[in-house]
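Chain naming follows the written order as A, B and C, and within any one chain the residues start at number 1.
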Amino acid sequence: MNYKAVIGLEMHCELKSNSKVFSSAKNGYSEIPNEFVRPVDMAFPGSLPVVNKKCVKDALKMSLALNCTQPEYMYFDRKNYYYPDLPKGYQITQMESPVGINGKTIIELNGKEIPVYIHDIHLEEDAASLDHYYSTSCIDYNRAGVPLLELVTEPCLSSADEAVAFLEHMRSIYQFCDVSEGDTKKGQIRCDVNVSIMEEDDKEFGTRVEIKNVNSFGGVHDAIEYEIKRQSTLKREGRYNEVEQETRRWDEETQSTIHMRSKVDAVDYKYFVEPNIPKYKITKEWLEEIKKEIPELPLECKHKYMEKYGLSDYDASVIIKEKDYVDYYEECLSLGIDAKTGSNWLTTQILGEINHEEISLKDFYVTPKLLKQIVDATKEGTISSKQAKEIFLKSCTEKKEPKSYMSQENAQISDENELNQIVGSIMERSQTQIEQYKNGKTNLFDYFVGQVMKETRGKANPVLTKEIITKYLNS
Amino acid sequence: MKFLNKSIEEIHESLKNDEVTSQELVQESIQKSKELQEKCNAFVTIIEDAKGVSVTENLLSGIPYGVKDNYSTKDVLSTGSSNTLADYVPFFTATSVQHLKDAGAVMVNKTAMDEFGMGGTGTTAHTGVIRNPWDVTRMCAGSSSGSAAAVAYGVYPYALGSDTGDSIRKPAAYCGIVGYKPTYGLISRYGLFPFASSLDHCGVLTRSVRDAAIVVDTMKGQDKYDMTSWDSSSVHLFEATKKPLLGKKLCYIKELCDIKNFPDATDELKDHLANFFKTVELCKELGLEVEEVSIDQTLLNASASVYVVLSCAEATSNLSNLTGIIFGKRGEGNTWKEMMMDHRTKGFSPLIKRRFVIGSYVLQKENQERYFKNAARVRRLLVDTWKNLFQTYDAVILPVGIGPAKPLEGSKEMIGKMSEELQALDEHLQIGNFGGFPSITIPNGFVNGLPVGVNLTSNCKEDELLLNIAYHLESKMPYKGQTCEVKKNEL
Amino acid sequence: MSKFTKEMVDDYAKKLLISLTDEENKMVLDEFEYIDESINVINKIEGIEKVEPMTHTLDDFTFELREDEVEESIPIEELLRNADETDGREIEVVKVVGE
C-alpha cells in the first residue's frame, strides 16, 4: 500500500549584486580567503548593518513574480545562535515582516499544471564558509553577508518529481528576473526539505521530518524518495510511532538520511526585531516600478512559443529551461530567423555543442547574428544542410565567422558558368544514360546529380545543379 | 598655570593668544590623568605619546579630551572595560571620534566604565572599581564613570560617554558636571560597542551646557554606516545657547518629586528633593512656567522592569560576537563550543552573565509575549505619555537619582533592591532612552557636601530648544564649570 | 513553588555559552522573581495587548537604503591582527564537526 506524501521546501538562493546585503564588501566568489570583507562581515565591535537597496528591490521583484503580498513596512529580525561560521552570533533575516507572504506559482510536470503555494519569501544574509583540514577548520568570511533569498513553500507538494520540478521552475524564474545565477554547482541554491506521509483520506498531516542542507536537485529528489520509503516502511510495519519530529541530513555517500537532532533539542532562535535597521516603508510607486522590470516568465514564454510559433511542447520546454536559451532564441526571432529553424538549431546543434564544451550559451561563439549567416545561406541554397552543420562546427572550434567558410575552397560551387561546364562535360560522356532517361527512365536524374557531386566532391550547389541538369535534359 | 579646568571657549582663546600651546595642554592633561588614575582608577589607557596639534579656528582644535573605552579607536586599545576585549586594538575609528579628530581635538585617554556600559556603579570594569573624585568612598555611578570622574577632576573640558539607561546623565549628576545625551540618531553609533542598540546613545560629559553644545555640534551628523542616524545639518546647538530663552513651559512629575510619595525617605533624599524645588523656583524666575503633572504610578513603576527586560534581551544578542574567535583571548577547549564557553565564562563579569540569562529567558519563544513583547508595549505607553507631555511642555524637569553619589560599600547591583516608587525616581532617565529624547543633566547644588543634578528632557529633535533652556537655567546657578577641586558655590 | 529553578538557569547559561557559580545562579533566581512580579503588574495594564510593541526608537521613516556600491575590503593583516589563532589568510579553530 502506498501512502500520500506531503512535502514542503525551503529554498535558499544567493542573489546577484555588486555588494553584500548588509555590508559594502564585494559580493563575489574568490579563491583568496577573506578578500571581500568589511568590518560588519566579521562582526567587529561597533560595526553596523546597512541594507543594500538593490537586494531589497530584487527580493521584492521575486515577491511580485510569485504573486505574494508585500508588507507596508519592511524590517528585519535577528535569529540568534552560536556557530563558528556566524560571526555576530545571529543572522539578520526576516521573520515578522518578510518581503512576501501568501504567494502562488504554477509549475508544469508531465504536461500537467500544478499550483504551488508560497508561505513566504524573505531576505537574509549568508554565513561564512568553513574549510576543513585534518584537525582544524579555517573560516573564510567572503561569503558572510552575501544576500540570500529564502523561499518557503506550504506543504503542498506530493512527490520528489514535483519538488524537483518546482525547484527547476524557481531557478528559471530567478534567472529570468536576473536576480541570481541560480548555479547549484557553485552552491548558490541550497534546500531544506520537509517530508511527512499520511493515508489518502487522512485529515491531519503525519509527523514532519526535516532534511537540512541538500545542495543539489538530484539530492532533493533522492532524499525525498528515501524519506518517503523509510517512513512508509515504518508505517506499514506498524512502527509509525518511531517516526519522530526531527531534523535529519542527506548523506550523499550512503544515499540515506541521517538523524541530526530531535525536536526537543530544537534550538530556540530567540527571534527579535533588528533595532539597527529602521522600518522601511515600501511605497506603491516603487512596487509599480519594480513590476515593470519583471520579464515574461518561463511558462508564459512556453505558451507563446507553442501557440504563436507552433513549436512542439518538447522544444518549447527545452528552450525555457534557461534564461540564456530564451534570450538567444528571442534574439534569433528578432533577427528574422524562422521560428522553427531557430528552435531546431538551438535545441539540437547549439545545446549539444555548449554541453560538449561545457560553456554557457552566453559565452558561445556562434551568436544569433552568426547563426543567421548559416541559416540564410541554407535558405538561399548556397549551402546544403550537411554543409551548414559542418560550417557551424568549424565556426565553433576555429572561432571564425561562418561566412568565411562559405567563400573559401570548401565553400559551395554556386557559380552558374562553372557548374554549366561541369554538367556539360558529364553529359558529353553520358550519352547512353541520356538516351535511357529520355526513354522514360527518369530516376536516372539522380545519377546525373550524383556525377556532378562526385566531380565536385559534393561542393556543387544542389539547387543550381538540378536546375542546370534539367535544362540539359530538356534541351 | 592651569588651563584644563576652564571652558572650551576660554582654552581656545588662550591657545589663540599663545598663552599656552596644544602640546602643553596635552602634557597637563596626561599629568592630571595620572594623578586621577592614582586616586580614582578612571582610565583603561592613558595615551602618553599623545601629541599637540596646530590650532585652527575650530574651537576644539588642539584641546585634549577623553573617550569612553567602548568607542572603537584605531590603533588604540579599546576594551569596553571587559576582559573579553582586554587586548583588542581596533583598525577603525568610531565616526563621532573621527569627527572630533578631524576638528583637531586630541584624544589623551580612554576612560574606564561599567563593562560594556551595563551597570550603573562603575564597579564592574575589568581594571577595577572607579571612584568618585569628590569623595573616593563614593561611586561615580555608571556606566560612563571614568569620563565623569575625569571631567570633574579637570583632566580636560570634556569626555565622551554613552548612555543606554542613564549612563551619561547619572554619573554627571554624581560628579557635579553636565551630561548630555542628544536625540537618538543625532550622533552616529558606528564604532560604539553596542549594549542595547535601540537604547544606546552617544553623548558627552562637560562642565557647561555650552561646551556640550560645541562638542556635540562636532560629533553629530548623518553617517552612511549607521542607518539610524539622520541629517542634522540644520541643527546648530552652540548657536542655540546664544539665543535668548526660547522655552516657555516646563513640567515635573508629581509621583517622582513629591516627598510624600516616599515615606521612608532618607535625609539625603529629602534634601535632594527640596533642592530640586529650589531649582524649579529659579526656572520661574527665568520666566518659565513650571507645572506639576501626574502620571499613572503603575506605568512609572513598570519602567525599571521594562528597561531590564529590553536592555538585557538586546545585550545578550549584541554581545554574542564575543567568542574569542576573531578577537579576544582564545578560550581553551576541545571543541569550538568549549572554546567559546571558556572565553565567555572567564571574560564576562558576573553582572553581565546574569543579565544575559535574563535577556535570554525573556526572548525564549514561550516567554517572549509575556516578557519581551509586553515590555516593548509598555515602552510605547511610556514614550507616548512623554510625547503627550511635550505637546504642552517644552521640557520635563526632574531630579536625577535619589540623592548624591552612593557609597561604594555595599553597592552590589541587584535588580529589585529598592521600593518601586524609589526605584522609579532613581531610574526615570531610562524613559529618555525609550523615546530617544534629548536629555541633559546639569549640576544644581549639593547634598551632604556632594553634588547633585537636575535633568531636562525634551521631545525628539528638539535638541536646540533643550540646550537653550538648560543654558539659561545653568546661568542662574553658580555651578557652571565646577570641578571637584573648586566647588563653585564656595568661591 | 517558584517557576524558576536552578537547573533552568543553568540550562539558559549553557545555551549562552557561559557558566555561572552557585552564588550567581541564586542571584539570577532572585532577580527573576522580581522581574516576574513586575511583569505581572505590566500584564494588568488595561488594553496592553492592543499596544504595538515599540521596536525602534525613531519611527519617522526618513531613512534611506544604501546604493549597491562596493567599498574596498579591509586589508587582511588588519582583519587578523586581533585573532589569536590564524592559518594563512584565515581564522583557525579546532575542527568543526557536526552541530
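Quick note on the criterion: contacts are C-beta pairs under 8 Å (C-beta built on N, C-alpha and C of every residue); 3 or more make two chains touch, one makes a residue touch a chain.
Only a predicted model underlies this, so the values are computations on that prediction, with no experimental measurement involved.
A comparison of the A-C and B-C interfaces places the larger number of contacting C-beta pairs at B-C.
When you average the Cα atoms of each chain and compare centres, the chain farthest from chain B turns out to be A. Relative to the whole-protein C-alpha centroid, the nearest chain centroid is that of C.
Centre-to-centre separation of chain A and chain B, using mean CA positions: 56 Å. Centres computed as Cα averages put chain A at a distance of 40 Å from chain C.
Chain B and chain C have Cα centroids lying 23 Å from one another.
Contact with two or more other chains is made by residues 88, 91, 198, 224, 227-228, 316, 323, 325-327, 336-337, 340, 360 of chain B.
For chain A, the set of residues that touch two or more other chains comprises 39, 42, 50-51, 82, 84, 139, 268, 272, 275, 278. Each of residues 15, 17, 55-58, 63, 66, 74, 79, 91, 93-94, 96 in chain C touches at least two other chains.
Touching chain B in their complex are the following residues of chain C: 9, 12-13, 15-21, 24, 27-28, 30-35, 37-39, 41-45, 48-49, 51-58, 62-63, 66, 74, 78-79, 81-85, 91, 93-94, 96. Contacts from chain C toward chain A in the complex involve residues 15, 17, 55-59, 61, 63-71, 73-74, 76, 79-80, 87-96, 99. Of all residues in chain B, those touching chain A in their complex are 71-72, 78, 80, 85, 88, 90-92, 94, 189-194, 196-198, 224-228, 313-314, 316-317, 319-323, 325-327, 336-337, 340, 360, 363-365, 368, 372. Only residues 87-89, 91, 183-185, 198-199, 224, 227-228, 230-231, 298-299, 301-302, 304-306, 308-309, 316, 323-330, 333-337, 339-341, 344-345, 348, 350, 353-354, 356-358, 360-362, 370-371, 373-381, 383, 414-416, 433-436, 460 of chain B touch chain C when the two sit together in their complex.
Remark: chain A residues 17-19, 24-26, 32-39, 42, 50-56, 75, 82-85, 130-141, 260-261, 268, 272-273, 275, 278-281 touch chain C in the complex.
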